[in-house]
Amino acid sequence: MIVDNALYHDGVRVALDGDDPSLGHARVPCDPGDFQWVGIHDPTDDELALIAKMFDLHPLAVEDAGDSHQRPKVERYGDTLFLVLKTLWYVDDQDAVETGEINLFIGRDFVVTVRHGQGVNLADSRRDLEQRAKVLEHGPMAVMYAICDRVVDEYERVGAALEEDVDEVEESVFSPARTNDSVRIYTLKREIAEVRRAVLPLREPMRRFAAGQHESIDDETATYFRDVADHLQRVSEVIDTLDNLLSTAFDAHLARISVQQNEDMRKISAGAALVVVPTLIAGVYGMNFDHMPELHWTYGYAFAIALMVGASAVLLWFFKKSGWL
Amino acid sequence: MIVDNALYHDGVRVALDGDDPSLGHARVPCDPGDFQWVGIHDPTDDELALIAKMFDLHPLAVEDAGDSHQRPKVERYGDTLFLVLKTLWYVDDQDAVETGEINLFIGRDFVVTVRHGQGVNLADSRRDLEQRAKVLEHGPMAVMYAICDRVVDEYERVGAALEEDVDEVEESVFSPARTNDSVRIYTLKREIAEVRRAVLPLREPMRRFAAGQHESIDDETATYFRDVADHLQRVSEVIDTLDNLLSTAFDAHLARISVQQNEDMRKISAGAALVVVPTLIAGVYGMNFDHMPELHWTYGYAFAIALMVGASAVLLWFFKKSGWL
Amino acid sequence: MIVDNALYHDGVRVALDGDDPSLGHARVPCDPGDFQWVGIHDPTDDELALIAKMFDLHPLAVEDAGDSHQRPKVERYGDTLFLVLKTLWYVDDQDAVETGEINLFIGRDFVVTVRHGQGVNLADSRRDLEQRAKVLEHGPMAVMYAICDRVVDEYERVGAALEEDVDEVEESVFSPARTNDSVRIYTLKREIAEVRRAVLPLREPMRRFAAGQHESIDDETATYFRDVADHLQRVSEVIDTLDNLLSTAFDAHLARISVQQNEDMRKISAGAALVVVPTLIAGVYGMNFDHMPELHWTYGYAFAIALMVGASAVLLWFFKKSGWL
Amino acid sequence: MIVDNALYHDGVRVALDGDDPSLGHARVPCDPGDFQWVGIHDPTDDELALIAKMFDLHPLAVEDAGDSHQRPKVERYGDTLFLVLKTLWYVDDQDAVETGEINLFIGRDFVVTVRHGQGVNLADSRRDLEQRAKVLEHGPMAVMYAICDRVVDEYERVGAALEEDVDEVEESVFSPARTNDSVRIYTLKREIAEVRRAVLPLREPMRRFAAGQHESIDDETATYFRDVADHLQRVSEVIDTLDNLLSTAFDAHLARISVQQNEDMRKISAGAALVVVPTLIAGVYGMNFDHMPELHWTYGYAFAIALMVGASAVLLWFFKKSGWL
Amino acid sequence: MIVDNALYHDGVRVALDGDDPSLGHARVPCDPGDFQWVGIHDPTDDELALIAKMFDLHPLAVEDAGDSHQRPKVERYGDTLFLVLKTLWYVDDQDAVETGEINLFIGRDFVVTVRHGQGVNLADSRRDLEQRAKVLEHGPMAVMYAICDRVVDEYERVGAALEEDVDEVEESVFSPARTNDSVRIYTLKREIAEVRRAVLPLREPMRRFAAGQHESIDDETATYFRDVADHLQRVSEVIDTLDNLLSTAFDAHLARISVQQNEDMRKISAGAALVVVPTLIAGVYGMNFDHMPELHWTYGYAFAIALMVGASAVLLWFFKKSGWL
């Protein structure tokens, strides 16, 4: 679905003929410095074909743009840059990270954004940018920066949410309660792997943009991309640290299970002793010797019971003292 | 066995004399731009010698082509490129990855494909290519691309199948059932190692092709190889992620075993208590004291049995409550 | 809050008009070689804006300086260097590493230091430097060196404190006492990760300063930065070693738990044997056979008791001897 | 001991004066293109000194050649190349990898081979080469290639033998039998470390030879060294894979131990239940109540025994059903 | 303490005025090619200051030389090289690696050696060198080589001693005895980390010396440094291998603990069965049924005892057969 389609002149949105968000008309002729921005969401093959024809896009890039399971990358086809960005967002209800995809075609005088799935809302980014004519004046590269910045900001939010999750896991692992943390840790590791797959492949190209190793990026814009690269670096460090902490937390979880088993075993043994020792006493007074004076005492029975209770009490005290119960 | 042998002129198959798939005749003289494509399956030494003589192939490459246990590589002997590709495919019945091998000799005006074992069917690739004269016009490099693309597509399918297997293992590890996941995880790790051995050595040469660092690859073809390199990269990331997840799953499996042992131990202990406590009571009333009033009660016996049952019932309730049974 | 503001001429502090630490006046005109040093602590947005205007700082850097959760970095905006340093210090009471942040803007003729949180006291550094006019003569770079040196010295102190903590953990792990070292090890690993995040990103830029790959660093100053780089390297090696040792200590802790469980199990079993064998003897003399001569002995009962005690004593001796009790 | 000593002219062995394998005569004057090949086995210091004087070898290299515990390396002393190769071979009887050493001095017109210990038999290599005058015509480099090829072939054989050993270990780990695989895995890991130490240091120099980065290696010979480098690469990949598989197998072994312990514990508990429940019944009928009707039944005793057997039988059935026995 | 002070002319020691090992006189004027060698042990600040003034050493280097906790490094201050070497030696009595430090200042015409702590005795090195005038003729670089060679030889000896320790640990881990190997393994890992910290930072500078990337090192000396670099490489490989083997040995140790626990558990259970089954029999004949024929047999008691002993014997035989006892 074509979501929006506009021409920008000196950073200001110019109404297109009929201002119809569909692409029913041919490509808009641009003055130098102007550019057209077309936004598509969950594109049909027809829409992609139309766009490809309008802006003369490379078939391989168009094919990739139609598929929502690409890995993040930045590629150059002739004059056109093609970016695949993974969008990530954190769903609080499910404590889960979800992924979408944004594809960008950045030409000299046009921008095509293709969004798959939910996640970062490009309409908001566009509205924000339209408020800042000074930024938009830098042309398509400014749009690319704005979107990358938006996407990476979202990564940082996901990173922060995962940090909280890891804190929770940590608390749970070290709490005295009997918790089944291994599923939770595993799920978090899976999500971290997901984030890593989104973040890592972007670091290199963003660093290249930041270093100005791209003809259409001027020094001013490069500085902005340095900011993006820096944030990406921060996210990837957070992610690596969390991954390591989770591994350590898992080991601690294993240790805790062992310790608990040990404690249970000691508790069980102590409990057993409380029963077995009186049983021995009962056994003794169940013997059939002719001469067992206690048996004939008036309070023999009471004595035996007292002996049993006493022995158990002593054991109980002893185990309490030595921490087994 | 020589499977097919044809001359291509302007991307179109030209019937050879007698159109006989055997190589009974000398090498076909080619117009500039034409090339000959010979396909061999499980070659005999004689066939290899014949081919080597026809196209003046390097003896070391021919020796490698005759051996089906090569590692993937791309080598250059004079004007001729020699590729060893591992073919992978997933056998659903056995949940196993199987491997074959394809060797390619790519010359200025010829292509020789040598297939070992099953796997990717080159006859299909050839038929597909023959439909697309425009691609075939690019000559031997187009054939090389088509085959690499085919092989790598198969890798992606294997990667996807392994992802499903890992999902199954995951489910099994975290299911309450008592499963023996370690064999399964081990087997999967083995298969992942197999895939890695096929994929990794290809990444570097494909990247070189993609970067156009090869004289006989023009810009257009390089773009296509970039696609192949990108897919290889994706497969290798999937494989790495799966390997890590399997390691974590294994740890979770170990944790689960420990937890189960702990639970079993507590269940056993609770069960034991249900028997041992009544035994103590029985022991008490088996004592031979002269004065044990209960022994002379009319309902003493019933009282004792009730005591036993009662004690067990209390214990049962207690253990149920505290989650030990 | 603006903490201090002074002009340095030939390495000597020159009282500013009114010597008022607030920035109520415009930027001080400098002779060549002179520089102004403004120190800010926990800046408000207004203060940052004022400073940014005075020294014409880049908005992205100013934005970073206002945020106390940056990663360490060295960036260049036109003629101005922008440094983010993490300050670390060890709080003995809590055995914890705390972090603050210092941002530096180093221009040709000015230094702006922005401190967030506690930690390294820059006022002290300034006083020290003011004693050493010869060093201050080198200008802003000397200030940058002095602060980096100060911060990295603090890292070394933290490293040493962590080494002591690891020694304590080690002792605890290998002590015969039943200790819960996993929490402690986990916390230490977290702190080490914190230190690593402060140290690692600085290594590369410091090495670059040390190699003189920066126009405003003369050879003499480069030598000093080599010292800083060397200390950073030492800290990061200490940190890596500690991390590895902690992992090994954790494994040893796990082993210890297993060994303890084993010892407990043997102790429990030996203890059980001391009760179960007399119970068997009691059971035997509780049998109701008509002809059991011991039952009619005068000292039969004493004999039985002696047998029980004797059996237990033998077992006790045996278990002591074989190390089970 | 000097094993062989010959002059090669145009790739053909020329009998030396007296054809005496000892070095009793001075160095043989060579026509251009000719070279002398001296083979030594377990050299004495005198022999080394003699050789060193004859061919003007560097003292450091000669010292290394006299010591059989060098690491593999390729070094250049003036015009002379000095190679240290580790020879590996697999002793089937002991399932062990043994190591020897070959040192090569390769000059413009001479080859000195110094062999320590058993392993690769250079006499065979020499005989093989002497059959192939065409190869020998390439001079000392051809000899170097031939020996490297021989040695690396042996590595591949060792790699294959280790693969079989790992397969055996794998089978043993996953077999239901109670096996002590940890010693076996440890030994294999040790042997793999041995192989790695022989293989890894050679990879880089062989790659350099293969890339022709050595003046005395012509293109044709470089191609052959590419073959050697490729085989080395294959061995080192096999070795890495095996090492990883062994680690995983070890983990699986640990898991198996835990599972077995769990199964044993359940078996033991079930077995105990079969005895403890009848004991309780016996205890009940051992009570001394006045009114216990069963005691006076004619078949009371039989009833009690039947109850015991019945209870055990029910338990047995139950445990069989639930897989505990 | 200044230990020795001499002038070397053409590789021969020249008595200084008064030949007094103290530095009471000014610096000795040197002919070209001559050099002065001052040796200091555990220097006082005054001695360092004196030396620094005499040879015009850089204050940062002098500061480092006064501190015995530097990391190994090679630095250049103007014309002077400054080396920090860690000396290692193995104390047999304690099975421990101890560390000292040597600092070298290598100028065009002087050498200053500063030794901290025990370890490598430089007086011996000096005596050895003085015997070899030919080596000493190469000037300060020869001294540097001789000391590095000496220090690295000591590393190799430490490496060999650690190899023996690992062999002992290995034997202990796989011996049937119940050993507490985790402390030992941990200590060894700590020592290996120590060695690594001494060895690793030297590899790169020694390789640079060996490659002749240092103006004052001629080709002949470079060859000697190649020898040093090679030995360093060997030590670091040995160390890495040992570290890996220790990790594997630790895992094997863990496995052994588990196996032992399992065996103990089975032994305990078997032992318990030997007591519990007779107890059941005793319980049976302790029942009070009116009609229990065995009770009235003349040899009933003997029969019961025989039954008990028989049952135990059968169990004993059974457990022996199945390896539980």
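Order of writing sets the labels: A, B, C, D and E. Residues in every chain begin at 1.
Simple rule for what comes next: a residue touches a chain if its C-beta (ideal position, glycine included) is under 8 Å from a C-beta of that chain, and two chains touch if they have at least 3 such contacts.
Here the structure is a predicted model, which is why all the values come from computation and not from measurement.
Enquirer: Under the touch criterion given at the top, what is the topological distance in steps from chain B to chain E?
Expert: Between chain B and chain E, the shortest chain-hopping route counts 2.
Enquirer: Which rotation angle, from 0 to 180°, best lines up the CA atoms of chain B with chain C, given as a multiple of 5?
Expert: Rotation angle between the two copies comes out at 145 degrees.
Enquirer: Quick check on chain D against chain E: do more than half of the interface residue numbers occur in both copies, making it same, or fewer, making it different?
Expert: Homomeric contact, different residues on each side for the most part.
Enquirer: Could you give the separation in Å between the centres of chain C and chain D, each centre being the mean of its C-alpha atoms?
Expert: Taking the mean C-alpha position of each chain, the two centres sit 43 Å apart.
Enquirer: Determine the centre-to-centre distance between chain C and chain E, using the mean Cα coordinates as centres, and give it in whole Å.
Expert: Spacing between the chain centres: roughly 27 Å.
Enquirer: Where in chain B do residues touch two or more other chains at once?
Expert: Residue numbers touching two or more other chains: 254, 258, 261, 265, 272, 276, 279, 283, 286-288, 292.
Enquirer: Hey, how would you classify the chain contact layout here, line, ring, star, complete or other?
Expert: ring
Enquirer: Ring order, please: chain D first, chain E next, then the rest.
Expert: Order of chains in the ring, chain D then chain E onward: D, E, C, A, B.
Enquirer: So in the complex, which bits of chain C are touching chain E?
Expert: Counting only chain C, the residues touching chain E are 170, 174, 223-224, 226-227, 230, 233-234, 237, 241, 244-245, 248-249, 251-252, 254-256, 258-259, 261-262, 265-266, 269, 272-273, 276-277, 279-280, 283-284, 286-292.
Enquirer: Chain C touches which residues of chain E in the complex?
Expert: Its residues touching chain C are 58, 60, 71, 73, 75, 77, 180, 182-183, 185-186, 189-190, 193, 197, 250, 253-254, 257-258, 260-261, 264-265, 268, 271-272, 275-276, 278-279, 282-283, 285-288, 292, 294-301, 304-305, 308.
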